[in-house]
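By written order: A, B and C. Residues from 1 in each chain.
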């Protein structure tokens, strides 16, 4: 509230340090967001340090002797590899540590591409449907509702099988985006429907603002937190879908993505052979990614919905 | 009033007893920018059966005070001191479980927007019995269906609602009816003190009159004390015996409604009354200058002086100007608006 | 008589369609009113919730269309005017809503709500001219531009936000202002300044004002004429002094009787509720009193 004795304090200018303090304080009050971000940060650091210090090239097959346990001496390279590899090697001679360092960003990349495309397409369709209503809304809503009932994995398998000629990582992202837009379209449409009735939208209209401007300038900025939270959810689903496809053998064969690593694990029965250094890391990392994304979604949900916030 | 034998064993409090005695109550909020003293040392007492209104602008601390009287203050707010004595017991001194038992039984709340605090998926009769049931849980004998029905019907009758309302859901009732249900719930255990936080703010004027008359009638029947929180001075003038004016978390004037309205002694009260439009004749619009005070880092001394551009840092005394009539006497701004 | 805005026997019925389960609700029943340009007045439309006053306001604003009857702007039926005429109408008839917080887009500073119409209606040649217009309007409503512009909505008090809305209405220099409960959500003590600003719009700038409210007291203070609505019907209307001091229809009498006056000497609620309710149901409308 505006007050009589807060004269000199300019409420609009905030120093960077102040912003950082506010952010840190908020993170402490919102542990979900904090832990989620923390998990992600650690993964980023892992990859960054890995690229800086490790020979990531060794993610390729035949980089070293096969089936080596961590730190086991490599009989094929006895001099250079007397101390073995930090995470050992897999059945085809890949350095597992290198695979992890190279694979994490690739998997995240797929998720990000699919998530971003999904959200963008979903948002555009949602706005058009909710704002204009009428037959546009009918058509889009019907497609979305039908699309939601079809299992996404089926569609993805059909797409992937038809693209079998050397699927690359970006192509994988595009393939998954084909189903990633449906759920955001639905949820964002619901939000826009509510927003459309807001008083300030009415005032904007009465001030002469056109439909398009209303969508972009009045509604979109207020939806940004919600869209951000949806994006994180989208990315998580996309990663899950891509890992699923890859595990079935429908992914980019030459790339060391986490899903492909799982695929090779299955192919070579790593569990039966007790190669814990090979199946352990991807599972652990996937767990971290999903838990992190989930916590971030929960945290962002609280941030974007002021009523959930524990404000003063 | 209820007639079921389980709840009528309360004795009616006597006239001269003190209904509620608030001493130096403080409620503070801990914010990153400092301590906000939402209620800064409020004291008043009310005899049993009397009606008191607490008025003030938004941010004056009156709703915070209402919550504190029920010990319902939520983090980051906390009760930082003082006493709230009801029926000889300091409510701030007992433990949480005892306080829970005191709520509804001794001190009841009719909340603001009571219509929104009714459970939308519960029938009215169940909501009326809910509080009672909770308090009976410690006792071994449960109420039979017949007894339950008797209680529900008696409660509905006490607030002028038809018997059929028992089987309805909140959304089937109008605003005024929902507010009456809230009043029925609040009075179901014959409390000693009723705190009504803006009970009619969202209601039409005719409905408001009905609801207030119902509330008044019930209160008189129970011989309970009632503290009405609001900002509608007209309602205050018509309903209460005493009025307390709050500004910046402090009480600036307290006294019998007739004297305070006729001859307000504190400048803020004077301005408040002057700014009210009437139906008697057309006048110029007189507003209150300045902005409501911020409660953050409120400086020492008179808070109202700051509003009119003056300053007085001395400790303002709480002076008894006439019988039951007290004010914060600040010499610097005392004559403003006369 | 040049009528800038006129409602001719408008009726608005909600629901009651063949396929819907909604009951038919006659929100506004055959009401007529005129807003005159040569002699602009403040007309209060008073009633409780469900009286149809907000629906009437929306019909006059052109946000809703009447089931029967017409709303005419400068003699032209609103439902048939061209889009350029409609744009002009939008500019000339401006609202002030009840909710001083919801009217603002929380993402933008309060400047947004003031500069947007200037930009859209091309009311200023340059940014400087626009700033000048905005500052003058703010000063007219008693606000200090330096302390108001550049703030986010939640940084201003409810009273200030509402005054910014009045300033916005001022900026556009409309011929008609429709104020729907402009002070209900504001503290009683801050209402006077807002009402003063609204009154100035009429007295100093010659705008016709429709003041929709449930508060008879402020309606009495600010208006020249008053219309009392009950369940969609106009039960009594006329010069505000006549209607308030000498109400003829039992509903008007009940309303006035139920108002708590800030004077402990004047008791409220003297009328017998049941008897009056019965009278209301049987009494015909008194219509416009001379």
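FYI, a residue touches a chain if its C-beta (ideal position, glycine included) is under 8 Å from a C-beta of that chain, and two chains touch if they have at least 3 such contacts.
Keep in mind the model is a prediction, meaning the values are calculated, not measured.
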Using the touch definition from the top, how many steps at minimum link chain B to chain C?
1
Computing the C-alpha centre of each chain, which chain sits at the greatest distance from chain C?
A
Interchain centroid distance [CA atoms averaged], chain B/chain C, Å
33
Per the C-alpha means, the centres of chain A and chain B lie apart by a whole-Å value of 51
What positions in chain B touch 2 or more of the other chains?
58, 291-292
Multi-chain touching residues of chain C, meaning two or more other chains, are 157
Shared interface positions of chain A, touching two or more other chains
1-2
Show me the residue ranges of chain B that touch chain C in the complex, using the header's touch definition.
57-58, 175, 204-210, 213, 231-239, 257-258, 261-262, 271-273, 275-279, 282-283, 285-288, 291-292
Interface residues, chain C side, partner chain A - complex:
61, 63, 87, 90-91, 94-95, 97, 99, 102-108, 113, 116-117, 120-121, 147, 150-152, 155-157, 160
Which of the residues in chain C come into contact with chain B in the complex?
48-49, 157-158, 187-193, 195-196, 199, 214-218, 220-221, 244, 254-256, 258-265, 267-269, 273
Report the residues of chain A in contact with chain C in the complex, numbered from low to high.
1-2, 11-12, 198-200, 202-204, 206-209, 218, 221-222
